[in-house]
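Labels run A, B, C, D and E following the written order; every chain starts at residue 1.
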Amino acid sequence: MIELGILLAPLAALIINGIFGRLYIKNKAHYIAIAGVLVSLGISLLTFFKVMNGYRVDTVVYEWVLADNIVIPFGILIDPLTAIMLVVVTFVSSMVHIYSIGYMHHDKGYWRFFTYLSIFTLSMLVLVMGNNFLMLFVGWELVGLSSYLLIGFWFHKKSAADANKKAFVVNRVGDFGFYIGILLVIVTFKGLNYSDAFNHEAIVAIKNNSFNLFGIDFSLIDLMTFGLFCGAIGKSAQFPLHVWLPDAMEGPTPVSALIHAATMVTAGVYMVARCNPLFSQAHITSEIVVYIGAATALLGATIGLTQFDFKRVLAYSTVSQLGYMIMATGTGAYIAGIFHLFTHAFFKALLFLCSGSVMHAMQDNLDIRVMGGLRKKMPITAYTFLIGCIAIAGIPPLAGFWSKDEILAMAFATDHKLAWFIGTVVAFMTAFYMFRLWWMVFTGEPRDHHLYDHAHESPWQMTMPLVLLAILSVLVGMLFGYPLEDGYIHKFLGPVLTPEGAHPHHMEHSTATLLMLLSIIVAVAGIALSYLYYVKSKELPEKTIKTFRPLHKLFYNKWYFDEIYDALIVQPIVTNSRFLWKGFDANFIDFIVNAFGKVSNFFGGILKYLQTGRIQTYIFTMVVGVIILVAIFYVG
Amino acid sequence: MENILSILIFFPVVAAVFILIFSKSGKFAMWSAFIASVIEFILTIPLMTNFDKGTAGMQFVERYYWIRSFNIDYYLGVDGISILMVFLTTLLSAIAILGSFTYIQKREKEFYVSMLVLEAAMVGVFCALDFFLFYIFWEAMLIPMYLIIGVWGGQRRIYAAVKFFLYTLAGSVFMMLAIIALYFKYGSMTGEYTFDILKISAMGAQFPVEFQIIVFLAFFFGFAIKVPMFPFHTWLPDAHVEAPTAGSVILAGVLLKMGTYGFLRFCLPITPIASIKFVPLIAILSVIAIIYGGLVAMVQEDVKKLVAYSSVSHMGFVTLGIYAFNQSGIEGGILQMFNHGIITGALFLLIGLIYERTHTRLIADYGGIAAKVPVYSTVFLIFTMASVALPSMGGFIGEFLVLVGAFKSFPTYAAVASLGVIVSAVYMLWMYQRVFFQTVNPNLHHLEDMNVREVFYMFPLLIIVFWTGLYPETFTSYMHESVKQLVEQINAVSIAMK
Amino acid sequence: MIENLVSIMPELMMTIFGLILIVIDIIAGKNSKAGVGYFGIFFIIVAILASVPVGGFKIFGFGNTLVWDMYSFAFFCVFAIAYIMSTLGSVDYLREKGILKGEYYTIMFFSIVGMMFMVSATDLAVLYAGMETMAISMYILAGFEKNNLKSNEAGLKYFIIGAFSSAIFLFGLSYIYGYTGSTRYVDIAQMIQTNGLSNFNIKLGMVMMLAGLAFKISAVPFHMWAPDVYNGAPTPATGFMTVAPKAAAMGAIVRYVWIALEPAAGQWQLFFSILAVLTMTYGNLVALAQNNVKRMLAYSAISHAGYMLIGVVAVNEFGYRAIAFYTFVYAFMNIGAFTILSLMKNKGIIEDERLESFAGLGKKYPITSLAMLVFMFSLAGIPPLAGFMGKFYIFTAAIKSGVIWLAIVGVINSVIACYYYMRVTIFMYFKESEYDVEVNMKPASFIASLLAVVFVLLIGIFPSFFMDIVKYMIV
Amino acid sequence: MTLQHYLALSAIIFSIGMTGVLVRRNLIVMFMSVELMLNAVNINLAAFSKYLNALGGQVFIVFVMAVAAAEAAVGLALIITLFKNKPTVNADELNTMNG
Amino acid sequence: YILAFLAIISSIFMITRENPVHSAFWMLLTFFSVAGIFVQLNAEFIAAIQVLVYAGAILVLYLFVVMLLNPKSKGFIKIPFRYVIGIVASFVVLIQVLITLKSANVIGKPGVYTQEVYNQYGNVKIFGYELFSNYLVPFEVVSVMLLIAMIGAIVLAKKD
């Protein structure tokens, strides 16, 4: 049960900081938080190595919810997938913790920040360690909460306040589908434990069932998986719900690194991978997954090409990388997907943290057009960033290459040629815009001397994580990914991520190497081109923009997604609700309700005047009454 | 111990009389009322602990002759469904009284007296096992509530009070006719004239269908207004907005539950066939309530009104769950009742205590106060998230169970209902953003944070919210048996109908 | 012979006591006229105690022209309560208005004799005589405030219209008599039984008689006098007039239709159901439009008559018990309300009974306004107050006999009614006072209102005993 | 003359009386008309009692008369008291209370 | 017939005279004719008290009051409309009554007091017998009523 410690450590930190932080601990909060996260890091590493030797846990801590005799436990599952996620999460998290000491030290919400970080770590760990869908969902929502809190950390900025709301709501849209998916799972498998849902017989049994929703018959398994995948779309910022991620950059940079690059956003990938037994049987959904992934990758890359905001570029690159992963899971290359997740976690965190340290140097200025030549001022940051760039561009032997190449290979092998093609193009673009950053920010001449003069290298708490991450982004790829197609990662994740009944695709070696070479070439080409654009001839970009004006406009404005959503969804709903309230609720329903009172009052007012106060009238009324009654009695 | 329920019902009355006679100063009334309500709450604890979760039957039963000529008995008892409601009532009453220490500035004495009387009546409603007794409590509750809204309320308080009173009354008078009709029907069928709820429920299935339908409609009208279900909800915003904090807390926390409780206790067992026939109607109405309430809440300018509409939406979940006719649905419904009581009650308390400081409830008048009142905003955030049904908090479990149950019975409605997940997030967070985030509104610069008393009375609610979220079994375990019995009863009928 | 005596004993006793009262009145000093009232109370209590029909027997007397049974007794109790309460209420009022006359009490007392005869009559002649006795004393009471124009007017209106109605009543009576050849209820019943149902003349007579009786209970459309008279008459007297004669007429109607017209049940059921609906609805609707509480209560009195009529329409013993019980309850709450009303003294420009004079009363006189609150909600029929029990009983009867539509009309009306009763409480508790109002609570009226409150609560919460009283009624 | 004729006669007188009440404004005359109606009733009763060979009717007439007398006394007393406060016997001026 | 005619005519006149005094006198005439009708219906005693009570007491009372108050009579109402509807209404009543009359079948069984009995004992005697045997109670009640009326009349009329 030692794994429970992984959860308890951050929880403890959270509670202590949460209660005493404001009044007593104040700016010593990081000790507690870091202690917490380091403990869980330690335990997770331990677990990781145990798991290497085939150690598994699937245990119930306590019975949580009981619905219709279906026990939904609070249970822990440790298997390779969990283990690898644990390592990623705890490691990146601890890096970010340490980094934040330096980055946040002058913020008055210091303790608050670390509390939130602990919340995040905790909920992310719950997400990955849970042994059933409900716990997955709990973690899912809680990371949503913590991202909400952290994005809105500087809530006095309207942009931040908007961004965090947007993030939460957009995620909720995805969760709606996720919710339905879970409901389908529980009604189908009479349980939410992975063990119930993922046993092959059961799945095959219901494979061809159909399910009637909204009066339409869907194929049960496809509906189920699609529902779940909606969750992934939201959480992993896939098209069409990717809009929240770039805005999420309003949060402090460490947060962007931790949540919106390394861990949280990859939860979707984790989930799909986790549900591979289901997805592998749901062919329609898988296709959808592939192409959504591809589309996202393209989208992210294209926008990334044109942005000038340091963090936004990184954000869009994240989007496109996530697209890769999703695409991979869609093609059935779950291992590749997770592997890319794994590597991406390191180098993307690295990149973000670098950007953070750059911001730190440039007085929180993010426009890359005012930077330049920072290499001399802040060497560590610069070179670690370079490593990151190479890694993400996919130059062997750095991490990115291995995972990305596997994904493309799989896409090719499962003849999703279109997806493969897009992937390759995106790879090219990625190399291009990442190096664009590198050239513009760190090399060449400083554009804004005032800023440049005040720029300086960050303190050790910030650089140390950079270095560590850089090292890892160099190594992990080789360690786990070599040789291609059956690196250690395959041995490690194989047991969990090769769904039964999914026949492995293998292609002859020549094509494999061919593809490999191709992708390397593409990457190099990208780098070369960006060198050409941003170092050699500075006027080229302008030219290109002029030539492709409309295209550039489209990319630059992020394909107008925000505008479209605002016009098509947000505004109509708000206005209609206004109508519902003012027009319908107040003026129709309530009107009817009050009408009763008004009507009776009205009649009272009328009848009142029968009472003239004249005797004759009264007597006359009586007489008439008698007459009428008598008449009635003659009739009846 | 054997007549703990009577004590629970009459202790507040006694306390009220005591205050009415002996209290000279408002302070005295205030404190004695608070102490009384706390004692009341403490009295419920043995009730909870000595409750035998193993049986579906009524417990702590008391029965004395009351009106011989009609065979009306003074007949009390609680089962797994009502005991939670009793607990909720006593808890919220105590907290509401503590919560209105500074809010109520005029005629404290009368206020606390009516609070206590109200509490007694509410406990009575949940304990009564005799139709007549039930109806007495049900109606008796109106008078103190009417006074609370009318005397201590806001600007349009008179309108709100009268509307509340007449609307609910209009609903319940038909219920009375239905009750009388049942009395005679049962009598003519068995030869034994009685208002005994249990006996009549036991006969439920045998009543002829059209009779059931009539009775059901009468009940439905009464309860739907109380819940309130979609077309009958318009009294709620007015009442909530105008009522003083304590009033809103009780209103949202307990009164609304009476409607759903009525559905559970009467409509299902007594008119099962009609209930089954009317499932589509109620499911649709509930779904409409969920979505509609949410959408309307979204565009409110008044925080209290927003929360009021949100309770329309949440109560929609309850009715949806109840009419799913399966264990998880109904249990979820009850749990949702409980949680909604806690959460919305807490939200109203929070709104109330900020209103004391700023004397405005308009969202536009706030903004950025998170910087000024960190504790307050944290607590508020927690309850906001709870009401958005964030997992690990109370709201979620109830909602989840409801949806599971509903999804089994009518997936489409359930699917639409789960859109509420999005909507609720939208309106709550939007409100939270506009109130707490962004730049500080200049005229709120000296806004002091929650004081000890306020923290103190929020604390139990906080604990319960997480408790129900993390270990709901504590509460659900009470209801399992009773609900199971109920479900079996219904299923038997529905099978017989096929 | 002895049974004749027994059967008439209570009335006899009352008459004798009444005569004694006159004597007392003569010897009583100018300022101690209240004593007459107190003696009256004493006497009436004695009379009640003396005339309890043990074990619900019934005795016919004088060739069955009248009967004494539990039923008569129940109504006797109602009258007695009405008398006691309104006497207590009157004492101060009269002193306030400077009317120092003992006759007031005497006449009230004698009117009760008339009512008792009405209720226990089983012969049209007795019924008529009793009715006129009551009527005349009511005219006098209505017009008792000689210096107040309103009071005169009330008296005169009541008188003229009353005389007219009794003429109609008589005309009908003459037909009934003529075509059935008897004035005894039983014989009439027998005659109608044989072949009277188809006889138009008897129908005509029936309608006209019932119209005459309906006038006494102020049922629409024979109600027109009621608001003005109740408005004009001295307030405590109004309290008495809204309760006792109504009760008496109800009792008489019930006994009459139940015995004499029993065979023609279907027809008068129709008759009364029409009246009931009209009465309830009209009374409530117009009451909504009133700003004078006294007048408002007058209209509410009309509507309550409507509720009672539901009990008549339900041709079952439930109905009659319901009526008896209802009048019983009604006596307490209505007279209580009027007592408090009679204490209102508005120093402002508007008259005392205006709704505005109640504004902010809750703060100034918490006890009084609490009592008023109780009466109002009881009249509105909100549990756990007595009024609810009455309504409940009535509706039970209605549903029992299957006239559910009437019950539904009834409950809808009671919701409407609730509004105008609430208006009083709204003014008392929710509004700030505009005028300088004072409520001078003297011991007598205090006792009266206290009694009323206590009983309203008591009947509301432990109705069993009172229900049992009416349960043993044999009609 | 048969019974019908008497009844018809009384009916006519009755309705005449009614007309009187309805159209006259003078309280006294109105009251007289009421007396007239009572007379009509008396005729009925008498006729019936003749026709039935019973005396009930006649006895009743006595009561009616007594009542009439009593009413007359009270009514006129009321009229006088009114007259003291407001010198009129005009029915239409008795309308201080209405609505 | 003559009497009936007379009664009707005079009563019509009574209600149509402007001056209450005149109508009082016409009323007197009506009373007399009614009394005559009573005699025809062999109710001599009734006829007697009719004359005494009405013509004697009540009418005198009227005249007395009329004289006392001497109200400036305003004659008829100015609004002919009410005039019309008044007549119409009472006319309708008349019609209704007459309609009933044509189906006059008395179902009451005839009593014992036939013509012979009258001739044997005389009206007053049996009348008294009837009154004090069957109608004792109402008689008493009426006495009470008269008492009340007396008191009331005194209270109201007495000036203080």
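Methods note: contacts are C-beta pairs under 8 Å (C-beta built on N, C-alpha and C of every residue); 3 or more make two chains touch, one makes a residue touch a chain.
From a predicted model like this one, the values you see are computed outputs, not experimental measurements.
Asker: By label order, what chains touch chain C and chain E together?
Answerer: Of all the chains present, those in contact with both chain C and chain E are A, D.
Asker: Work out per-chain C-alpha centres and flag the one nearest the whole-protein C-alpha centre.
Answerer: The chain sitting closest to the overall C-alpha centre is B.
Asker: Taking each chain's centre as the mean of its CA atoms, which one is farthest from the centre of chain C?
Answerer: A
Asker: Weigh A-D against A-E on C-beta contact pairs and write down the one with more.
Answerer: A-D
Asker: Which chain has its C-alpha centroid farthest away from the centroid of chain D?
Answerer: A
Asker: Could you state the distance in Å from the CA-based centre of chain C to that of chain D?
Answerer: 26
Asker: Quick one: chain B and chain D, Cα centre-to-centre, how many Å?
Answerer: 65
Asker: Rounded to the nearest whole Å, what is the centre-to-centre distance of chain B and chain E, using the mean of the C-alpha atoms as each centre?
Answerer: Centre-to-centre distance between chain B and chain E: 70 Å.
Asker: Distance-wise, how many Å sit between the C-alpha centres of chain A and chain C, to the nearest whole number?
Answerer: 78
Asker: Enumerate the residues of chain B that touch no fewer than two other chains.
Answerer: 166
Asker: When you check chain A against every other chain, which residues touch at least two of them?
Answerer: 597, 608, 611, 613, 615-616, 619-620, 623-624, 626, 630, 634
Asker: I need the residues of chain C touching at least two other chains; which ones are they?
Answerer: 125, 128-129, 132, 136, 139-140, 143, 146, 155, 157, 160, 164, 175, 178, 181-182, 200, 203-204, 227-228, 289, 419
Asker: Considering every pair of chains, which are in touch?
Answerer: Inter-chain contacts occur between A-B, A-C, A-D, A-E, B-C, C-D, C-E, D-E.
Asker: Show me the residue ranges of chain D that touch chain A in the complex, using the header's touch definition.
Answerer: Listed in rising order, the residues of chain D that touch chain A are 18, 21-23, 25, 30, 91-92, 94-99.
Asker: Would you tell me which residues of chain C are touching chain B in their complex?
Answerer: Those residues of chain C that touch chain B are 362-363, 366, 377, 382-384, 388, 392, 395-396, 399-400, 404, 407-408, 411-412, 414-415, 418-419, 422, 425-426, 429-430, 462-464, 467-468, 471.
Asker: What does chain C use to touch chain D in their complex?
Answerer: 125, 128-129, 132, 136, 139-140, 143, 146-150, 152-157, 159-160, 163-164, 166-167, 170-171, 173-175, 177-178, 181-183, 227-228, 231-232, 289-290, 295
Asker: For the complex, give me every residue of chain A touching chain D.
Answerer: Spelled out, the residues of chain A in touch with chain D are 608-609, 611-616, 619-620, 623.
Asker: Show me the residue ranges of chain B that touch chain C in the complex, using the header's touch definition.
Answerer: 65-70, 107, 110, 135-136, 139-140, 142-143, 146-147, 150-151, 157-158, 161-162, 165-166, 169-170, 173-174, 176-177, 180-181, 183-184
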